[in-house]
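To start, I am sharing the structure in question, which I have written as structure tokens.
Here the chain labels run A, B, C and D in written order, and each chain numbers its own residues starting at 1.
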């Protein structure tokens, strides 16, 4: 395999969406760790108001909804989305599904052709495996461009982070670094192919 | 196959959860039709305030949340849940996932061993097939008792209901009738086996 | 919760299907361990010829296929099926899917209303979580009666079994014991309700 | 959206895998129709011996298996795979899963980074929707590059093909044409980025 073409080192603005609303959530901690692990040129910002977005209601689609407009703008301006999800009942949280459903609607879905990367952390044993699979299926339906691999599944999260929520597990750190490099390549890759929008 | 044992004809109180918040939703119309199709002894009530339940947040679990207490009581008092779901992005809506996640939490999950039946309607061609599969997987994780069959998938819903949202499709009516009879048997079946609570 | 009705202590003949064909497979080892962990009255037999069943082909449905007839008889005579599956590419092996598809066909599907329990072992970290979810969905489609819980996911299987393939992990042994008791209750439960066959 | 860069008009060799072994299968008919609908420069060949590949068995991985070597070569030489799947028990057939599992194994998986497109046909109402979702999940696990959209779901297949198995439905023909154009773009897209191999 030949080396990849060199990509222009343009800043990559990543909007981070944590799937858990808990203040000291492991998924927020994982997003912070991803920010540290990312190569130069990445700017990660966490969107912290998903709970303010109302439940999707088709009757409200034409009403002004400031929290939703704010989310849509943040997604539209980002070069990529990074979602870190817990696993609840073998799937991802309703708050993420609700956000995805709003974003996918309307004449100008902000998810079509948007590069997205998924990861997840849990204190459980099984590492958000079913949650990530379910979220990947849903995002594929929106025509977002979901990074196929590598993957980051953090199980037993309480062992990988210290009391201040800082990553202290070198294996996870190395995995995050590879993951962010691959996500950067993924974003560059699609950004050079604006015409490749396939429609159903 | 021998005939089933005769079941004591006790009233069955069914709590209906529509997955769509739209006022003239096809799934609400389908729930109304299920009420008409159900055999004598069924009492179907629709829970109409799912949108009032806040997004799940583990930090709020110990705070008083009236909308949630109300939902929990309604579920606890019901003999069974009947959920009618649309399909958004190849899965069911966030508003339903959010409700299920809250209900499944805490020392007294109201979903454990609760009989549940799933159906769905859409104006699309594919009949909520992926939404129902995803919802079934999530409810199985909660240890609810999901009716395995028969199934009700209503595609092209606009052809099955009249302008007032009344079912006008005899095939769907017959399917709903079989579905409700089977759901009644399912509820009776579990109600006579209070000890069969299997735990992971 | 009141104690369960006492069940008549009838022998339960369980047909075990290993999803892996490897001779020293962890899933075969797990099935042997389940046999040891099962309460008195269980008889577990492993069906070892799944590889001999040809690939499903509708054109062959009316041809005599001895390997298939043998499998069908074994399933029909069993009070329940116990399937132990590895995870290949985020799902269960083709050999199991092929067997399920044959068994589900024809006027006398041997899977309808058959009690089934699913477990799985892997040397990997994630414990066959996606394989079991996928297999559960498929078996639900056949109208088999899949034990909803408890679940048995064995990760890092090489640490739970000794060099001779004998279980040496007391936590897994205890989980298997609970699992087999619950499966016995599940079988008894359905055997007393011959009439409850719901059809789509 | 700007027009796509013009792609060098190189021939695209597509290996077609029908999921059904039935001789007059709708999925074979759909593959033939895809061949007619494809733009100039496509060469579609159907691989017709999936049934000859033995069931996956790790103990046989180092044994010579001519049917498997033949399949591997055919996949390796193809620029892309086109899979047309029926739906059996809410998923895709075991014969396809078995082939995917063999292909994904070993030091030189022929699926890594291979462009794949999925479609499906059925005489049923629901159009192989669950089969395609399950197959997409499995192929994503192999690191194949699955075309995200558009999608082709053919329901009521008997109405779309004539007695000789020729497509007679202009809507399906148009959908197939768009699908093959998008698949060609997808293949070109990846072929120009040989370095973008992300690994877990």
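Simple rule for what comes next: a contact is a pair of C-beta atoms (placed from the backbone, for glycine too) under 8 Å apart; a residue touches a chain by one contact, two chains touch by 3 or more.
Computed from a predicted structure; not experimentally measured.
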item: Partner chains that subunit A and subunit C have in common; value: B, D
item: Most remote chain, CA-based centroid, reference being subunit D; value: B
item: Subunit B-subunit C separation of Cα centroids, rounded to whole Å; value: 29
item: Rounded Å distance, subunit B centre to subunit D centre (Cα mean); value: 37
item: Subunit C and subunit D: spacing of chain centres that average the CA atoms, whole Å; value: 31
item: Junction residues of subunit B - those touching two or more other chains; value: 90, 130, 133, 137, 140
item: Sites on subunit B touched by subunit C in the complex; value: 1-5, 133, 136-137, 140, 143, 145, 147-151, 178, 182, 185-186, 189, 193-200
item: Residue ranges of subunit D touching subunit C (in the complex, touch as defined); value: 20-23, 25, 50-51, 54-59, 88-101, 104, 130, 134, 137-142
item: Interfacial residue positions of subunit A with respect to subunit C in the complex; value: 90, 125-127, 129-130, 133, 153, 155
